[in-house]
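There are two complexes below, and they share chain A, which is joined by chain B in the first and by chain C in the second.
Take a look at the complex of A and B:
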């Protein structure tokens, strides 16, 4: 079975979802569900820790975009942290880097909500 | 390979390969095709744009990697653009005196390029390649992407390679065609339109100029800015708007690759192969899952 692993940690109003694996056509629904389950409980300030994500395909991009739109619609945001070079290249090529806030590390992403929430 | 109950072997898993613009860096697609072949993953369609059209044709002809590398080195040499087109230059400086002809306007003499493409591909037609081939160009009159599916390969590649200002447009079916990158530097839409489910896309952003000390470099910089923004806009739209799975392969080059770095072709091909190898396991799983879909549920460990 192909699956992503997730760990959710809460830092006051910010929830960090640490993701491990590749976000692709076989796993993107799991990411959507993991992020959506937080949003549905009112935790709309999200950080996706992509430090252990090796790759994302177009299906991963669709999942991220859906989660960004939903969290922003409710007044929150989905921000990304520790994005690895292979993933960053896809985010850049697809223009996603211009609409999603990306931080070097998780601490900076969490802090960004305090600075400009 | 196992056979089904009727004794017919199951079809080999296949992907569509799209090779974007990117000058000699597009040779990386040879490495990608080699790795797919070694993994037993077929290519059911190949789309090429600009220089990517050359390598798309080599793949569509089912050249093995060694042959494709040899043909690339023979085709792609510095003398392709060495000679200027004096008449075109004079037509810029004094259009009333020398006249301006759209069909002849290109500041480089294209005779060597035309000869070389004919040497490489002869009278091969697009519709005759073993793997279905699509070459893209841009209609100069409308800006539309033009998908060439029939006719001489050499002429179609020449149209797809008609870099603005450098090479003159090519007239095909009454339309003046220019470089495919002007309408879409990575035309995954063509594969989608033909029903592709899994697309392997080999693409490159245009390099920015290190030192802009001439009008030529100034023009290249403008071109890079526009084409990179177009690439991102088109790629993002097609990636999110369509259900096809797009696996993007962007080879990493530690060394800067210049337009005529032919000596680096083996290095470029290996970089493509290396980037493709990192996706092979996933491709195998994806193609298997397409045959027997499964929907695993998320595993979420919640800790504080």
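Take a look at the complex of A and C:
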């Protein structure tokens, strides 16, 4: 029940982490681990596909912010795609919508790295 | 969490409002574990979720009662939401979200009852039965 599922897909230098479930204080460590394991192996251009995430609490925001900071420190980034309304509201209320680049869909998020490179 | 979902479904709330309330419940429970029982010792946490349909469009009320050390989450300062990612402290957002996603918040402490936090969310008029 309190479980997140992840699928990592590599698109050249960009890695898409598709997350399924809800991110709260019981599951946020799993998100931190999933994102951190990519960064630690040099996959620093990340897209978090949140199309199947119903909601996130501040525990999830902590996880995302940690990965944003670490990937940017190494020259990469963590960008988000397909964010659902409840998650988008939490991101906006917390000021994260101006920190994390958010795209309508995964393809746009992947393409953004090409444009920024 | 399941009890909250059941109450919300009974109240015929849409998924977005339910998700808002699930976030609120996660924040306030995490807060109790972090502050009221900060030493890691186990203790009771009593959560009540209620739907009051009248006066329309009604409200959802969440009450948390714990026996930990006195801690008023509503006394915490608002976080800095304007700083850049590199400067942003990790954490401190839970109470902010709890305030933003509910319409009324109240806290009281008595030595007999402990910490009592009550949150009220107005049901959007379009969702009232």
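Just so we're on the same page, the second predicted complex is superposed on the first by the 116 of 117 C-alpha atoms of A that agree within 3 Å, B and C clash if a C-alpha of one lies under 4 Å from a C-alpha of the other, contacts with A are read in each partner's own complex, and residues count from 1 in each chain.
Going forward, a residue touches a chain if its C-beta (ideal position, glycine included) is under 8 Å from a C-beta of that chain, and two chains touch if they have at least 3 such contacts.
Keep in mind the model is a prediction, meaning the values are calculated, not measured.
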item: Fit or clash - chain C, chain B, common chain A; value: clash
item: First (chain B), second (chain C), both or neither touched by A:7; value: first
item: First (chain B), second (chain C), both or neither touched by A:37; value: first
item: First (chain B), second (chain C), both or neither touched by A:61; value: both
item: First, second, both or neither for A:90, with chain B first and chain C second; value: both
item: Touched partner set for A:29, first chain B, second chain C, both or neither; value: first
item: When both partners are placed on the shared chain, which of chain B and chain C touches more of chain A; value: B
item: Contact residues of chain A, present in both the chain B and the chain C interface; value: 22, 24-25, 54-55, 57-59, 61-62, 65, 85-86, 89-90, 93-95
item: Contacting residues of chain C [partner chain A, same complex]; value: 15-16, 19-20, 22-23, 26-27, 29-30, 33, 79, 81-82, 84-86, 88, 90-91, 93-94, 96-97, 100-101
item: Residues of chain A touching chain C in the complex; value: 22, 24-25, 54-59, 61-62, 65-66, 68-69, 72, 85-86, 89-90, 93-95, 99-100
item: Chain A to chain B touching residues, read off their complex; value: 1-10, 22, 24-27, 29-31, 33-34, 37, 54-55, 57-59, 61-62, 65, 85-86, 89-90, 92-96, 98
item: In the complex with chain A, residue positions of chain B that touch it; value: 203, 205, 231-233, 235-236, 239-240, 242, 244-248, 250, 252, 278-279, 282, 285-286, 289, 294-304
